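All chains are identified by letter, namely A, B, C and D, in their written order; residue positions are counted from 1 within each chain.
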Amino acid sequence: MNLLLLILIPLLTAVAVFMMQNNNQVRWIAFFGSAIQLILSLGLYVVYTNARNHGDTAQMLFEQNMPLFKSWNINLHLGVDGISVAMIMLTAFVVVAGVLMSWKMEKMTKEFYFLLILLSMGAYGFFISLDLFVLFFFLEIAVIPKYLLIGVWGSGKKEYSANKLALMLMTGSALVLVGMFILYFGGGKSFDILQLAQTTIPTWTQHICFPLLFVGFGVFTALFPFHTWVPDGHSSAPTAGSMFLAGISMKLGGYGCLRVATYLLPEGAKEYANIILLLSAIAILYGAFATMMQKDLKYINAYSSISHCGFVLLGIGMLTKVAITGAIMQMVSHGLMTALFFAVIGIIYERTHTRQVNEMGGLLKVMPFTITLLFIVGLCSLGLPGLSGFVAEMTIFVGSWENPDTFHRIVTVAGCMSIVVTAVYILRAIGRTAMGPLKEEYNNLSDAAWPEKLATIILLVGIIAIGVAPFWLNDLVSPGAELIMQKIQMAK
Amino acid sequence: MEPGLYHLLFISAALFFIGVYGFLTRRNLIAMLMSIELILNSVNLNFIAFNKYVWADKLDGLFFTIFVIAIAAAEAAVAIAIIINLTKNFQSIDVEETEEMKY
Amino acid sequence: MPNATYIMLIVLLPLLSFLIMGLFGRTYLKNTAGIISTCLSFISTCLAFYTAYGYFFEYGKINGVYQKLIPFNYLWLAFSEGLSINMGILLDPITAMMLVVVTLISLMVHIYSLGYLKGEERFPTYYAFLGLFTFSMLGLVVASNIFQIYIFWELVGVSSFLLIGYYYEKPSAVAACKKAFIVTRFADLGFLIGILVLSFYAGTLDFNTLIQRLTSPESNELKSALAASFLGISALTWGMILVFVGGAGKSAMFPLHIWLPDAMEGPTPVSALIHAATMVVAGVFLVARLFPIFAISAPDALEIVAYVGAISALFAAIIACTQTDIKRVLAFSTMSQIGFMMFALGVSKYGGEEGLGYTASMFHLFTHALFKALLFLGAGAVIHFVHSNNMKDMGGLRKQLPITHFTFLIACLAISGVPPFAGFFSKEEILLAAFQHNQTIYWMALITSGLTAFYMFRLYFSIFWNKSYHPNHQDEHGHHGEGGFVMMMPLVLLSVGACLAGFIPFGKFVSSDGTALVSEFHLQFSIAPVALGLTGIFTALFLYKTENDKPDKMASSLRALYQIAYHKFYIDEIYLFITQKILFNCIGKPAAWFDKNVVDGLVNATGNTTQVLSEKIKKIQSGKVQEYAVYFLVGVFGLAMVFIYMWK
Amino acid sequence: MNGANILFYLLAAMILGSGLLAVTTRQLFRAAIYLLFSLIGMAGMYFWLQYEFIAAVQVVVYVGGITVLIIFSIFLTQQAGEKMLVKKTGQQIFAAIAAFCGFALVMIQIVQNNFTATKNLSLSPSVTNIGNQMLGVDKGGYALPFEVVSILLLAALIGSIVIALRTPTQTS
């Protein structure tokens, strides 16, 4: 399978979208493009597992290597392992759903879809590139459209949010850039991840680079205390923007933390693991407690994203194979779940024109489909078995518990405690929104329309597929986690 | 004392800084343009002096002088055009009054 | 050998019912939903009886010992080499018994609901939730893996949440369902950490391996688990206590019981199924499932189980005497009876005659399921008739509701431990076990059983005797009557069970180590409890048979005690204080404030500083060409100096 | 002191003196005249250095062209006899000090440096040589810069016409 397709199809779609004349064509083109991409990524999964089952043990499959800039040793090096495949599938799901959720977007439709597709291209490129420079390039492609998506199509204090988000993410990527160059000069003049993994990087380089890269990527994935772009950014973004932001961009950071920071710099990871754990435990609990006080649905989900992404970093910081597997599963799970959550919020908002939970009530009566989804996604968020959140969180907990010392134990218990707090705020939100007496003015609300239904069902399928049968995802990602763990164990 | 390279360089440097002084102290754009002409002349003299006393086997300094003169002519023409336009717009060629291009 | 397909069908048919009702019920099956679900439930019940029969009488017993069979095991999620979540079926005596209990009560409730919820808008949804609950409960009882039990544990929690919140437009129901979920969730946190502790030391999640590793004295796992200690208590004991916390939450043990009375906001059949017969005994089931570890390796934890059970039993019985909402009385009675089961397990030992408590507990679980479901369904019929939960609105209903009256009386006699009804036998065994092992608990239990008889008959007399019934005048539309065949049939069936279940020789089937336990009947021992029970009944007869002011007088003479008990010992208020004042005001609000002002403030401050600085710096861009020239010259000369003097 | 030396010093004095006056006088027209003298002095200096061609160019372009241009523009923009405004004294002193410091720095460098003349045979700056090299296309030829400068001059010509012709906008 030629991985370039994964970049080219979104690119072609984006171009095609730009050529179209009327909004209807734009929508359909975007939908078909993203649907093809979804099929392609599912195909990638099939081809990938086939290759693995037939004994292909190479670390990365479907590799391609083309020189881009010889004197700096920059190559367009593409390749996937299980982790990337999982992330690509996540991206494909979220993109299709996001495109469908924006069906009613009337303001500058063409540009909107163009940016959405462009953003998705950045994400795909990020997940398949094995060259730090190319990776960084795609990371930036995934950042910039977000600024416009929020600034132009957002709501509320959108300019502020867009600026904040762009500046904080840019700061993050600046740190990544610096770390990347130090790594380049400290570790054998190469940007190639596989080559860097083979070379021994001096300890001092690791100790300098790791915080830079980890914090840099950590900003993307809401590392405490660099998380404040999350609530504002998510709440101001248009629905599809929030979905992409929480579902895809936050995962770019987690993936980077894992693939770049932890994998390439295992000594650094060991050195700073306790700090990461501390920060992520704070993020988990603090995010959860802060969520309890929110009244805006989008803020609720945004803060809970901080809490949930804390689990990703917690899993990475635990430095055990199971915990890292769990972190990856959490990324996939949270991506789907939070995208669905935002989609549902978008549907509700479009009808009630408010996101304040206090102003709603009893919506289950008028929009049963949507509210059922709200229930499901809320339950997924609080870790109900049978849905994806449970599987990921439990894997992280079991992996975390493998560290026998008291510090790790306390951190793990702190993480576990969040499941109660999560239950509190999710039930509060659901109770206020869906249950209770219905207000007069909401008597005539309509339920979700077909694109919205389709979008949410696509995401729901992903959530349930992971929740009911987690073994396929586990089998997909755990060999990758195993390799990362080997690197860590070999390090001093 | 036999005048030589150092004398010429002295003249050139002095003229240059006279031009600089003029450029910094004049408020009239035309006067500033004159200062620039002085500076350019000092440079020309520098080229010629070096050409004559150090690299007598070449003519490059001379060529540079010619080009500088040519460009100075062009520059003066453009500068005068700008000044005239400025007078039309602002009724003044005082630099302290024509400070639209800021922040 | 057991037929794995049948057992899987028992579990999966309710799931099928859930899926059908959930996906198509609203649009296509508005009228037939109940029938379809009931049929599926019926098949499932038949299969459960078949399986139990097969297990107990055909293949279960090898060399006189009931085996723990695993007819089905599927690797669901592999963490590491030892640790993996399997979805499997573990068949042993308590599983077989629970399969029967759960499917039977579920079937009864399915049938009963056909009448009780007739004409409801969300009929299919209701049956979908029932299916979901039954599926999860059955998954829980067949679990072969401690994580599997946790998974279904959560699922029953959520189906309970959904069913309590069935009347979602009622704010009290919404509050109750949230409360139930959050309190049990809090307990589940303990369960989860307990699982993590146990799995870490045992290196497995599988029940059989886990029990085997943590009970055989020479195993390394047991040694390491006992050696590691935290705050002076061994890791194993911690693990077991934490697991028990989970069980206590689900089983509404003191002090995690506060959700149960409120859970009565759900439809009454649901209360019968979930909050009386099945889900609330999940905690007992869990302790029973891990009983060998409790009894052999962690006796300290078991002692805690015993005391928590005993205290809950007494505590709930006292409160039940003062409540006026009939469902709440039943709820506290449930809590009290589950306390009996808990402390029966707690005083038991592993194996042989010493394991009497275990058998008694399971026996009581079985009989209690029958008569408590019966009580709830009977109460449902009453509520259906008078449209009120409050005792004060009732009285003299024996004329209007003869069948209900009769079955209710049987259930009351059964729960009060009057021979020869079912409760008598199981309760005697429990008291005997307590008497043999722990005198303190025995006396507490004895008082409790007296109180039980009193409050049950207080309830009975208040509903069916006392004043004569005057129907409310606004009930013109009323479908007065007992609710027809579908509602009465379960009552009758269950009352037959409540009469006869006591004669089952339970010890032969269920015992702590699988060998048959012949429980003897000690006549002289039964005198005290039965006498106490009859005293309770007659006290109630004296106070409540006819309308009079004796109860009020008594209440006012014991004013302080009555008030405390009426307000459930103010436990709810304490919780409210903790959650509202401490959790929300002392943690949540500061966290939100901190985020908004400090963290966000820092970010904004960075932005503002940059802006202020740039405001200053931009002044350099003054538009004055000579200033630029100065900067330029300074730069040039500065660089020249650098190059001349520093670079050389 | 022979005549040539005296001539040199006279020319130097003329260049610097009239240059200084050109930047200090308060009457713009006079400043232009002083500039003219300074430029003529410069031309004389070129003669003195025996670079006749450059001297001729200097006279033709500077003295004859640019100065006249400047004087024209003075007539176009300035009221006759009006004195120019001066900068604040502080700024003047600052500029003087800055200029002097720069001058000192440069002179120190010049004096410290020892320039050694090339030993090669000198090439006469005759018009023939200049013309050959200026229009030469082989190595060391200046044909290309020459053409570039021609185009530049053309562009400047057109540009200045365009700028000067633009109708004044009414924003001020």
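Brief remarks follow.
The rule we apply is simple: a residue touches a chain if its C-beta (ideal position, glycine included) is under 8 Å from a C-beta of that chain, and two chains touch if they have at least 3 such contacts.
Predicted, not measured: the structure shown is a model, and the values here were computed from it.
Each of C-D and B-D has its own count of C-beta contacts, and the greater count is at B-D.
Rounded to whole angstrom units, the spacing between the C-alpha centres of chain A and chain D is 67.
Centroid to centroid, with C-alpha atoms defining each point, chain C and chain D lie 100 Å apart.
Between the Cα centres of chain B and chain D there is a gap of 5 Å. Chain A and chain C have Cα centroids lying 36 Å from one another.
For chain B, the set of residues touching two or more other chains reads 20, 24.
For chain D, the set of residues touching two or more other chains reads 98, 102.
Within chain C, contacts with two or more other chains are made by residues 630, 633. Arrangement of the chains shown, judged by which pairs touch: an irregular graph that fits none of the line, ring, star or complete shapes.
Taken in their complex, chain B has these residues touching chain C: 20, 23-24, 32, 95-96, 99-103. Of all residues in chain A, those touching chain C in their complex are 163-164, 167-168, 225, 227-229, 231, 286, 289-290, 292-294, 303, 321-322, 325, 362, 364-365, 368, 379, 382-386, 390-391, 394-395, 397-399, 401-402, 404, 412-413, 416-417, 419-420, 423-424, 427-428, 431, 434-438, 469-471, 474. Contact residues of chain C toward chain D in the complex are 630, 633, 637, 640-641, 644. Within the complex formed with chain C, the chain D residues making contact are 98, 101-102, 105, 109.
The touching residues of chain D, when paired with chain B in their complex, are 4-5, 8-9, 12, 15-16, 19-20, 22-24, 28, 31-32, 35, 38-39, 42, 45-46, 49-51, 53-54, 57-58, 61-62, 65-66, 69-70, 72-74, 76-78, 84-87, 91-92, 94-96, 98-100, 102-103, 106-107, 110-111, 115-118, 120-123, 125, 129-130, 133-134, 142, 145, 149, 152-153, 155-157, 159-164, 166, 168-169, 172.
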